[in-house]
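Pasting in a structure now, in structure tokens, and then I'll have a few things to ask.
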Amino acid sequence: MLRLASPDNLRFNQSGQLNSTFGGGEANVAVSLANFGLPVDFVTRLPENDIGRWCEQEVRKYGVNTGNISWGGDRLGIYFLETGAVSRGSNVVYDRAHSAISEISPGMIDWDSVFEGAGWFHWTGITPAISENASRVCMEGIEKAKEKGLTVSCDLNFRKKLWKWGKTASDVMPDLVKYCDIILGNEEDAEKVFGIKPDGVDVTKGEVGADAYRSVGKQLMERFPEAKKVIITLRGSVSANHNSWSGVLYNGQDLLKAPVYEITHIVDRVGGGDSFMAGLIFGLLHYKDDQKALEFAVAASCLKHTIYGDFNQVTIAEVQKLMGGDSSGRVSR
Amino acid sequence: MLRLASPDNLRFNQSGQLNSTFGGGEANVAVSLANFGLPVDFVTRLPENDIGRWCEQEVRKYGVNTGNISWGGDRLGIYFLETGAVSRGSNVVYDRAHSAISEISPGMIDWDSVFEGAGWFHWTGITPAISENASRVCMEGIEKAKEKGLTVSCDLNFRKKLWKWGKTASDVMPDLVKYCDIILGNEEDAEKVFGIKPDGVDVTKGEVGADAYRSVGKQLMERFPEAKKVIITLRGSVSANHNSWSGVLYNGQDLLKAPVYEITHIVDRVGGGDSFMAGLIFGLLHYKDDQKALEFAVAASCLKHTIYGDFNQVTIAEVQKLMGGDSSGRVSR
Amino acid sequence: MLRLASPDNLRFNQSGQLNSTFGGGEANVAVSLANFGLPVDFVTRLPENDIGRWCEQEVRKYGVNTGNISWGGDRLGIYFLETGAVSRGSNVVYDRAHSAISEISPGMIDWDSVFEGAGWFHWTGITPAISENASRVCMEGIEKAKEKGLTVSCDLNFRKKLWKWGKTASDVMPDLVKYCDIILGNEEDAEKVFGIKPDGVDVTKGEVGADAYRSVGKQLMERFPEAKKVIITLRGSVSANHNSWSGVLYNGQDLLKAPVYEITHIVDRVGGGDSFMAGLIFGLLHYKDDQKALEFAVAASCLKHTIYGDFNQVTIAEVQKLMGGDSSGRVSR
Amino acid sequence: MLRLASPDNLRFNQSGQLNSTFGGGEANVAVSLANFGLPVDFVTRLPENDIGRWCEQEVRKYGVNTGNISWGGDRLGIYFLETGAVSRGSNVVYDRAHSAISEISPGMIDWDSVFEGAGWFHWTGITPAISENASRVCMEGIEKAKEKGLTVSCDLNFRKKLWKWGKTASDVMPDLVKYCDIILGNEEDAEKVFGIKPDGVDVTKGEVGADAYRSVGKQLMERFPEAKKVIITLRGSVSANHNSWSGVLYNGQDLLKAPVYEITHIVDRVGGGDSFMAGLIFGLLHYKDDQKALEFAVAASCLKHTIYGDFNQVTIAEVQKLMGGDSSGRVSR
Amino acid sequence: MLRLASPDNLRFNQSGQLNSTFGGGEANVAVSLANFGLPVDFVTRLPENDIGRWCEQEVRKYGVNTGNISWGGDRLGIYFLETGAVSRGSNVVYDRAHSAISEISPGMIDWDSVFEGAGWFHWTGITPAISENASRVCMEGIEKAKEKGLTVSCDLNFRKKLWKWGKTASDVMPDLVKYCDIILGNEEDAEKVFGIKPDGVDVTKGEVGADAYRSVGKQLMERFPEAKKVIITLRGSVSANHNSWSGVLYNGQDLLKAPVYEITHIVDRVGGGDSFMAGLIFGLLHYKDDQKALEFAVAASCLKHTIYGDFNQVTIAEVQKLMGGDSSGRVSR
Amino acid sequence: MLRLASPDNLRFNQSGQLNSTFGGGEANVAVSLANFGLPVDFVTRLPENDIGRWCEQEVRKYGVNTGNISWGGDRLGIYFLETGAVSRGSNVVYDRAHSAISEISPGMIDWDSVFEGAGWFHWTGITPAISENASRVCMEGIEKAKEKGLTVSCDLNFRKKLWKWGKTASDVMPDLVKYCDIILGNEEDAEKVFGIKPDGVDVTKGEVGADAYRSVGKQLMERFPEAKKVIITLRGSVSANHNSWSGVLYNGQDLLKAPVYEITHIVDRVGGGDSFMAGLIFGLLHYKDDQKALEFAVAASCLKHTIYGDFNQVTIAEVQKLMGGDSSGRVSR
């Protein structure tokens, strides 16, 4: 997706320029994993025009393989972003209807080629939201991944505005999520998609009460028995500039917790959840330890809030420094 | 339409910023006329989101009345522009499918309100090309304008890539053009839309042989007897930076000619034809003399090539100075 | 007034570019009201040159009517702005002497035309400070407004540096303020102009002790019996980046209070008072309830601190969301 | 003077930023001479505010001594610049009334200190045009310079718009020019100031007929017998982007000519005459040969047209390379 | 190499920003070939710091394989670029001493891995100029390539300023060039490196007399019998903005010529020769016809002059359009 | 040193532009002192190329005398800066090996000329770290300064990464520091260079326990009996955006303390220590009172954190306002 953001904290109409970067749930995870040194493939559909090719170049720059992209369709989805401040939240205007990915069809992706040598397949709830066809291709990929024995993870990523093609998230998501080994969501996703609520937490207040999410994990696992881990990202919005940030991981037994970070001078919070997911995947593969993986994920995504654009661009060393407790932000020289 | 242009002569992928301005055939004519001091109304359909409202503000800035805009639809059309140089032509990527204007329906515009006190209605061949509905609304406006005794003008503005909704320009345009008092086109429009060719001119060579266009005027008038004037803009492309520019006006009797300008260091050639049309409308109303009107139109649009963006932003005094023969470009201080 | 601001937090000499926007007490109120959808007229005097016309365009962009501007004079006033940070305050260099508005004369504004259909006239203490003539034209407008039965409001807006034409604010303002229905000022204005002090408050400490301002309201009303409401904006300067912000309204009986907002990451505080005034006018007209109007005014101007430039560009919905207690700054998507 | 220029070829209202540099006839000559390595003093009056101090810093950056500047007054003069293209000339809006230099008084400059160790005094016709006081201070400097035996040069620099203080250039200039050893002007100055015309040349056509200027030199020398050399800069305006450029020097005997340069892609032509004057002063001091000095001056000022801003920033080596006939513009690496 | 260029035509000291891109003879050829769709490997040495990794990302963005880069050394070479205009040539300041590539040693590149599946090896005369070690590694690669049966091409690329390590180009180049199948140079390279001159041409005048280069081809082939083709790029420098551009190819029998292009508004001429080389390699592989290959090379590199940065970013379709004779630079829409 | 910083909080690879300013320990002190109005000379070695001359101009702009700079060597040192946020610290990549100053030799500086009329010589621990020769020239200057009776001050400025020429700071610094009248360091310098630790303070926690530094002062004075004052800057890193800042001065008897400032929205912390040193030198000369001097130094360097670039650009009035307790950051107008 092309992201067009007004510079600094300007409203759209205040500047004659828009910053152009690229992003989107799956692309963000892919780039983040490539930055951590993992071999990654970005599977999507891009239009055969200069904007589509530009998108491919930006993703490839970070080392993501783009060889399995399906080319076709009319346009690349766009989102316009106006960055808020203090009590004025950021403002997103979606212009992604009729994008190439929304007009994908089953059979367009050569899943055998995509999964050759692969060990993990990650998808997000945004894809099935876009169109019925995208939903079917998503299912196609999940089934094929499962068949080939890959680990399957998903980020619920509920976006109410996107579900316009006839069915609701509640209709569609269960059939997709049931194959997942790992389920990630934020405070609201489980409720909005599956009606599963944490106990005794008022999410509109942005309270970060980790314990209350044990029940969410349990309920999700009961409903989706394939799931081995449920992860909830926890964001407290003090203001557009200052959020608290953490996450919990429920592995069927324990509710693991990570430190809560106060992010007092946010640079860009878009893509925070995606950078968490990428950190978690890397962490699970690297540490083979749920607690460490969770801590890596929270630290990586905490740092994402200091990086402009959708893509997280931090090094393993930077994440580990923060995991190790050094949040002083001293100059490295 | 939102225009997103890479800065300077950069390719899209070379900059992290796109210059954002607004444009489009009818908007360009409207702004240009407002700059010349005429009361103008821009009739279109804009989506009720921040991008639509931003567009309204930019047009209103120049003094165009925006009170008759119809609000609705999902998105504002976009075009991406990469400015060429020397033998690399500028590159336009259209992303205007499913725009608010393409999803307009007859009845959405209150033509009685629009035409209250109005004397002139201008439309271009881009509107009927967009969608069947846009075509029908265009016809609705033309008929109402004619009924109320307004002068009706049109710019043929043939864009092959846009005619995708089932009928061709040749199918649709004759029924619309037949009401026009004034018809404007460039060297290729009459041929591409009506199969009418100038005698003995090879347009691909960009030759500016004014006389050859007398026959185009005659043939158009024979086919569309309402037409009182046919105007052809004449562009010779030496390179992306250097064009020659002129135009002829056939009024049923004489083929009037204007000077040919050598525009050796083009700043922005997009909107050149629209600025010509606006110059012509102003010229006809102001001078009540075809020759003067033509000269004003050619001079105004020659100056447009020195103005960035789709909108022509020159003063009457600047146009008249050039009409008077002073093309020296001296500093005014 | 043309505002020329160094970008980011740079000193003037650190950048080869200045951001150019427009502002000034009355223009800021006008644009803000137009953004809230009210019909507004900006009455001023602009020089007949490209800078004056540019100013008109920028104001018109937001929907303010510019048809009653008086054209003439030599120059548009300028102010240079350097944005501070932490303990370095922002720095304003005025260059507004000899501006067109300062050389206005009684009779230049056609007040009958201006006030046709109008219900409200707002002026600020900056206008009479500029020159004797501006002061006289201000009086001319006030008297005519009163005569026609308009509500008259004023923002005391004391600027010591501006009163250079021979008389002091204390000499001139009483004769103008005595006609006002609504008087707005900040913590220092009443004292500096009329010698009226709040009880027991040390304003240099930036303390926001709302109650202490009841006496200011009372004293002002005793002195100016026409006044029905006195409003005090309350700013506490923790640093250049962090201010607290609120206001009180005394209506002759009660001292109404609004929430105190902590604005921890200010984008631009210039124009804060003007956005308060516009919020108050809109609030009084819309809610017909002093408490609601005050709350709307405080919330609107709190949000102004997140908007770059002098003009407040927020929507009614955004203000009402903050009034409703949601200051979380979450992303809207 | 502060120069505020819209970027690229934009009109003022098209950009939210203005490029800020400094310039003015005498400052331009001073910086250019400092770049050539000569010790130079810039004598002017600047306001004691941040804009005045910024101006001092920019001039000092190039090695000009600023120790003899007189500090005081209210404002620094400003000029707004919009760069033209092709047949749209650049547009200058002056905002220099009431500047610090215009309110200077005799006695404010310590000429003894200024001229200590100095050999040359240069002034331009802009200074006496600004105000009666500036004119008197100019005379003060000229007389003192003459008294101390300095070479005195002047650039006639006629600006019709500036002479507003009661007397005309024709009234004032003769008394100042009569002390000059060296007089420089462009094609129009001598006529506009002294009524002296070249023979048989139509200057409005921008023809560069060098010979015709012999008579101008003769007439000027007859009228001002102190003058030893008269220099005329010759500009032919093909368009705003393309000028021809040369000059002639009459030394009482011969009319020396220099090559005519075709400057086909002008970057910035403002300050062209000033860079000519600086080149001439340097050339006369360095070569002690009128022909070489003239050629250096023409080549230096030809190169100025490729430098952004008022100040010429080229090296002696670059000028000599062009003097030597290499105008190929090859990459130096 | 990191390229730091002042924006627009500014001198270094006129802007507070430098445009940062990457370039260098071999990188430029690699990116250009990747843009034409060929699989390419960039073999170099980069420092293990953020600047080195940034360089890798930029090259990878265009699809060049970076997996065989050797990591180590202290710094990435830099060159500063100031873009000239008219008679002021562009100015390059090299800061590449002690770069990672200059401190490479034989054995650091795994040539077997590099050449696996490869068919062509291209090197330039810049590499052996940098240091003795770079020269030895260059020889190592050439010998290995030859041994494996690859086609070997070289661009003589003589840079006098670079040969500082003890030997001259004349000492070193013959041993490297003797293995080459294809030799490319500009008008001066053959003379400066091997003392081989065209007959009867004064290269300092920039004359493009193609025939005179037949003798250069013959002499080179006699000296280096492995060479099957000698190509000379022909540049005529009218000014920094306007060059003529062409090339000839001598294949042992015929001197093939290509059209001469007038590039009247150059955007960026750096990398012109490299884009020629890439066009030639692609052309020879694609057309298997010397004349077509030469024409493709000249057209591709002609278009490079309209692309900012060292890298040529044009499509095969754009090159073929120009080859086909359409140099009109019309808008593509 | 040329400083190349990515704009805003971007990573290097996110922008096509780098902000170019100049800095370095000694230059920063020099510019800061010149801003306070003291006559200052910057003694260094710069390469005779456009980058070296650019550096000279930038320093001269602020009024620093550059007449004693030694010209020669190959390159100007560079450092790349990426500005961090929150828990991501700023990142510096040094590229200063083989700089002109590192290749200086004894005898290249004419110390007699430098010290003519001078009263103070300041050096920093960075110079001897660069190379053996730079170390020897530093000693040469110190001895000459001492011989002529100047006050000698030093900032220990330990940079582990720089000491690569064979000896360590512990080897070299004692012989240089022993001549110093005034020694300044941060919390870690004394320990890293001389093994002298504060009592009972864990510096990695960024605690600002002023008292603990009394022992550091004592130990340093015992070791270097020439020292009359030891000053420690105290920085607490809450995050990259929020630091606490203070300092203590031990004069052999008392440990003087200054207020601790909370700098909650840092603009640029690089050069903070240098601005402290400059504030101290100015303070000691101006107030002749250690407590006042310390307070001036802390306030000046606190303000530095709000100024972009290495150079502190604040006025005496601004520092004194903060010293006086006004840290409210109110707008000055």
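Which chain is which? They are A, B, C, D, E and F, in the order written, and residues in each are numbered from 1.
The definition used in the following text is that a contact is a pair of C-beta atoms (placed from the backbone, for glycine too) under 8 Å apart; a residue touches a chain by one contact, two chains touch by 3 or more.
Nothing here was measured: the structure is a model prediction, and the numbers come from that model.
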**Request:** Any chance you could name the chains that touch subunit B and subunit C both?
**Result:** A, D, E, F
**Prompt:** Farthest chain from subunit E, comparing Cα centres?
**Reply:** C
**Prompt:** When subunit C meets its copy subunit F, do both sides use mostly the same residue numbers (more than half shared) or mostly different ones?
**Reply:** different
**Complete:** The distance between the C-alpha centres of subunit B and subunit F, rounded to whole Å, is 62
**Message:** Nearest whole angstrom, what separates the Cα centre of subunit B from the Cα centre of subunit D?
**Reply:** 44
**Request:** Spell out, as numbers or ranges, the residues of subunit D touching 2 or more other chains.
**Result:** 11, 13-16, 57-58, 61, 91, 265
**Fill in**
Among line, ring, star, complete and other, the chain contact graph is complete
**Prompt:** Which residues of subunit E touch subunit A in their complex?
**Reply:** 57-58, 60-63
**Item:** Complex interface listing, subunit A residues touching subunit C
**Value:** 8-11, 13-14, 84-92, 94, 159, 161, 206, 237-242, 265, 269-270
**Message:** Residue numbers of subunit B touching subunit D in their complex, please.
**Reply:** 61, 261, 263-267, 302-303, 305-309, 313-314, 318, 322, 326-333
**Prompt:** Residues of subunit D touching subunit A in their complex?
**Reply:** 14-16
**Asked** Tell me, which parts of subunit F touch subunit E in their complex?
**Response** 4, 7, 11-13, 15-21, 49-51, 53-54, 57-58, 74-75, 78, 80, 82, 91, 93, 95, 97-98
